[in-house]
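Next, two complexes with chain A in common: one pairs it with chain B, the other with chain C.
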Partner chain A sequence: MSDFITSIKENNSIVIIETNGYLNNVGGEAVSAVVYEKMAQGQTKFLINMAGTKIVNSIGVSILIEIIEKLQEVNGKIGYYNLAPIVAKTFNIMGLTKYSTVHETEEAAVNEL
Partner chain B sequence: MASDFNINDLQLKYLELETLLDITNELNSFDQISVLLQEILVKSCGVLNASSGLILIEDDNSDVLHIGADFNIDISVLKGLIFNKRKGIISEINESRKALNIKIEDDSFLSKTQCKFGLIAPFLDKKNLVGVIILFDKESRQGLSPFHDSDANMLSAIATQASVAYNNIKLIENIKEAKTFNDNVMQSIVTGVFTTNLMGEINHINRAAIAIINLDKENVLGNHYEYVFESNEFITQLITKCELESVTISESQILLECNGKSTTVNISVSPLMNDANEPIGSVVAMEDLSNLDKLKSTFKKYVSKQIVDQLLENDEMLNLGGQEQEATILFSDIRGFTSMSETMAPNEVVETLNDYFNLMIEIIFKYNGTLDKIIGDALMVIYGAPNSTEQDTENSVLTAIEMQEKLIQFNQDRIINLKQPIKIGIGINRGKVISGNIGSKQQMNFTVIGDSVNLASRLCSVAAADEIIVSDAVWKKVKHLKSFKSKKLTPVKVKGKVKPIEIKEIQYNRPEFQYELAYEKIEQFLLLNLPQQYTYHTIEHIRDVVIQSERIAKKEKIEKSVIQDIKLAAWLHDVGYIWEPQRHEARGAEYATAILNEMKFPKSKISLITGMIMATKIPQSPKNHYEQIICDADLDYLGRADYDTNSNNLLQEIELVKKLTPKEWLQIQEKFLKAHIYFTTTSQKLRNQNKNKVLNKIQQQLKNN
Partner chain C sequence: MKKPSVELRLPILPNMELIATQTAEVISRHMNLTEDQGAEISMALIEACINAFEHSKAENNVFINFLIEDDSLVIKVIDQGIGFDKTKVEIPKIENKIGKDERKRGWGLQLIQELMDSVEFESNDEGTTVTMKKNIKH
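Here is the complex of A and B:
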């Protein structure tokens, strides 16, 4: 597990990944590695707790889009919660929110995903 | 479907613009430089896909920058590096003032970061470089790449906005720092200072001013000065004048009454101006003089104001130690005080000495003498130490003469009040003395010692009552002054000297008898001592006789100098009622003789005055014009409109001894009025007609009875 991923857990068959730091190329690759590994194990639903990530760049967003594309192939889903306003805004501008969901809390995310 | 997910350039530009807008909106919300720099760096890295970043910011008063913020970078590798504005890539930025795309060379300090590409933009304060923002390694899905020119434009825009915010925070920090500095200075100074705004509200105040105003800070700040100083109209007027006229006003020794506390202050009120030289309020400085006053009042018990001021200006004078110098020493001593005090109550002894010393010390300080000691009833005074002047000896003799003169006036009061007069002898010598502050650090006294001091004391012993004895050394110093006269005395043998000492007695003129002072003192004596039960022989009657005697005397063309004596007799004509009402004229004459003799009043005048007193005895028997005047004044009311009031008062007084029937009283009055005659033409003309009316009225009443 990279420094960017601080925890991975499951809740109601949903893999919850907690991140910390810059969601850039490195951070994005760390997330995708976990997601692809879990997909190989049959998991299709993912949530990212982004409380520790205050900034994201377009490369990080690109990687998330790649992950969404992969999940769509298996009818999987990905969602995010605890987003900093700037991160939420970036996700919105970059069109990410059209293909994935943003939630307020873990409980809401688990219920809605 | 996959093409839908491609991030296009338009989205990226939109994100850049939104980020720039966010930064612009948020920048002014930061009040700490470190938070501001971190936020700018993080957002810049995010929007420009930088893998990491660094902000270097200026050190105060230096060309060296330090790390102000870092993102996603191990700054330990930069430890020990000096980021000099005048060297390397920072120097280039300093010159170009533009964002630069750079490839990090092996020899650049940035190579320590292991990054390959950099984008660097300046933070400027006007034209000065205050810092740089450096982004490292633009990320792409293909790996790291150089930044684009468009990235440089974006970073420049961010850096420009950030510079404004940085300079604002810096400015606020400087203002806060200056305010803290000013507050610290204000609080530490002992002068009370406060400022008012244009509304007249007090908006700053220091600790010293709060102590003077004697109110809690909360009750002062925000309140109008007229409220805070409502019982000090003078202060509010000063501030108002300053506000209206924009002038600085200073006043000294102002007594400030604030919430039960009185403080003497020197006050200065100045207009407070802004950069455009427009008034924005007032600043008031108050120097608390209490401590200085305490110091001065303590010192002033011993030395004159002049010497206090010299000591305060030159504290070296307070050092322990001594020096040999010429000085003049005066000793005075009350003659026979020990035996006098044996007949007095203890509190009277203290009161008498205090009254006497107060009077004498005032004279001593008038002539710049330093009161060295009070030894029982004796005084030792120094002239010429600690500071000497050409007038020292002259001043000592002037002091002695005035002491004797003032004592005569002082004794006038004592004599009138039948107290034994105080008589002093004074001795003065001049010579070498050792002067200095002698004693311990805890208690030291300025004094002089030496043979010359001892001789002055011996001369004082030689002096009889009312005498001023000076040594030859003193006389030589003052003999050229025509105002002084001396009488050579037989040389005296004094203890400690083998040869007899040449001495002189300083002659002085006895001051003229102070009639007005005597009238005042006699009136006070009568007020205190006249028996309260008398309704006719009262202070009001005596005052009336004084007024009438002066009036009649003037009409009778009596000389002014004699009118003074007639008035003195009038004041004294009933004083005998204090001791012997039955023979009060004789008792009054005895009293007058005693006190006037003691006051060295001319003998001829004493008999004139006692004659006038005795002439008022009923039946009146004046032997001269002056006695006729006082007799007419004494019974002036017989022909006045207020006859009834006076006769009723007399009746009440008579009835203290014997009750009379109305008829008896009418008969007494008829007999008295028929027998009475006014002696002076003035009274005959003015009072006879009315006196006859009064007589007729009484006779009518008797007929009706």
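Here is the complex of A and C:
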């Protein structure tokens, strides 16, 4: 597992990926590697706990757009929770919130995804 | 009296933009900017640095000047690369990227413009200067 991903668990058939640090190209690729591996095993619902990620760049977030696109092909979904305000604002500016969801807590995310 | 300023010279190496954000955080605290303002400045700065590192094809350093004004923070990101024509940069829309062959990247200028109060670009075949300004709102 990469340094960027601190844990991977499942809750109610949803894969929950916890991240820590800078979401740049390396971080984005670490997330996509996990998602694509789990998709190959039949998983279609994913959540990212971003409590430990206070800073992102557009390259890392663009990789999340690629993940959204891949998930659309299998009617899958991805959501995020514990976002820092600037991360939420960046997702909003880039339009991720039109194709994926932002939640307050893990409990809310699992219920709402 | 001369306004205080901070100058950085960054080598073009991975994650060097984080040095710029650390400096911005210190300056933001000095200026009593809100946490949200500081985070917006850092995010805009990351994108301006990445553009300078990746798209300018500059081989040398990228220079960053922070100018502390009474009512604003002005940041200049300067590269000595090949320049670009801003009129040819399309405004990105996720609708045009999802499910299409179009590359998913290309958000830097849009983010900078959304996060800062004003942005100016001066560019020619000897380099680019991006001047970004954040007004102080206490």
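In this section, the second predicted complex is superposed on the first by the 113 of 113 C-alpha atoms of A that agree within 3 Å, B and C clash if a C-alpha of one lies under 4 Å from a C-alpha of the other, contacts with A are read in each partner's own complex, and residues count from 1 in each chain.
What we mean here is this: a residue touches a chain if its C-beta (ideal position, glycine included) is under 8 Å from a C-beta of that chain, and two chains touch if they have at least 3 such contacts.
These figures come from a predicted structure and were not determined experimentally.
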Clash or fit, chain B versus chain C on superposed chain A: clash
Partner chain(s) touched by A:Y99 [first = chain B, second = chain C, both, neither]: both
Touched partner set for A:G42, first chain B, second chain C, both or neither: neither
Chain B versus chain C as contact partner of A:V61, first or second or both or neither: both
Partner chain(s) touched by A:E69 [first = chain B, second = chain C, both, neither]: both
Which of chain B and chain C A:A84 touches, first, second, both or neither: second
Touched partner set for A:Y22, first chain B, second chain C, both or neither: both
Where chain A meets both chain C and chain B, residue numbers: 22, 24, 54-59, 61-63, 65, 68-69, 72, 86, 89-90, 93-95, 99
Touch list for chain C against partner chain A, complex: 15, 17-18, 21, 35-36, 39-40, 42-43, 46-47, 50, 92-95, 97-99, 104-105, 107-108, 110-111, 114-115
Residues of chain A defined as touching chain C within the complex: 22, 24, 54-59, 61-63, 65-66, 68-69, 72, 84-86, 89-90, 93-96, 98-99
Touch list for chain B against partner chain A, complex: 1-2, 5, 7, 11-12, 14-15, 18-19, 22, 42-43, 45-51, 71-72, 139-141
Interfacial residue positions of chain A with respect to chain B in the complex: 21-22, 24-26, 54-59, 61-63, 65, 68-69, 72, 86, 89-90, 93-95, 99
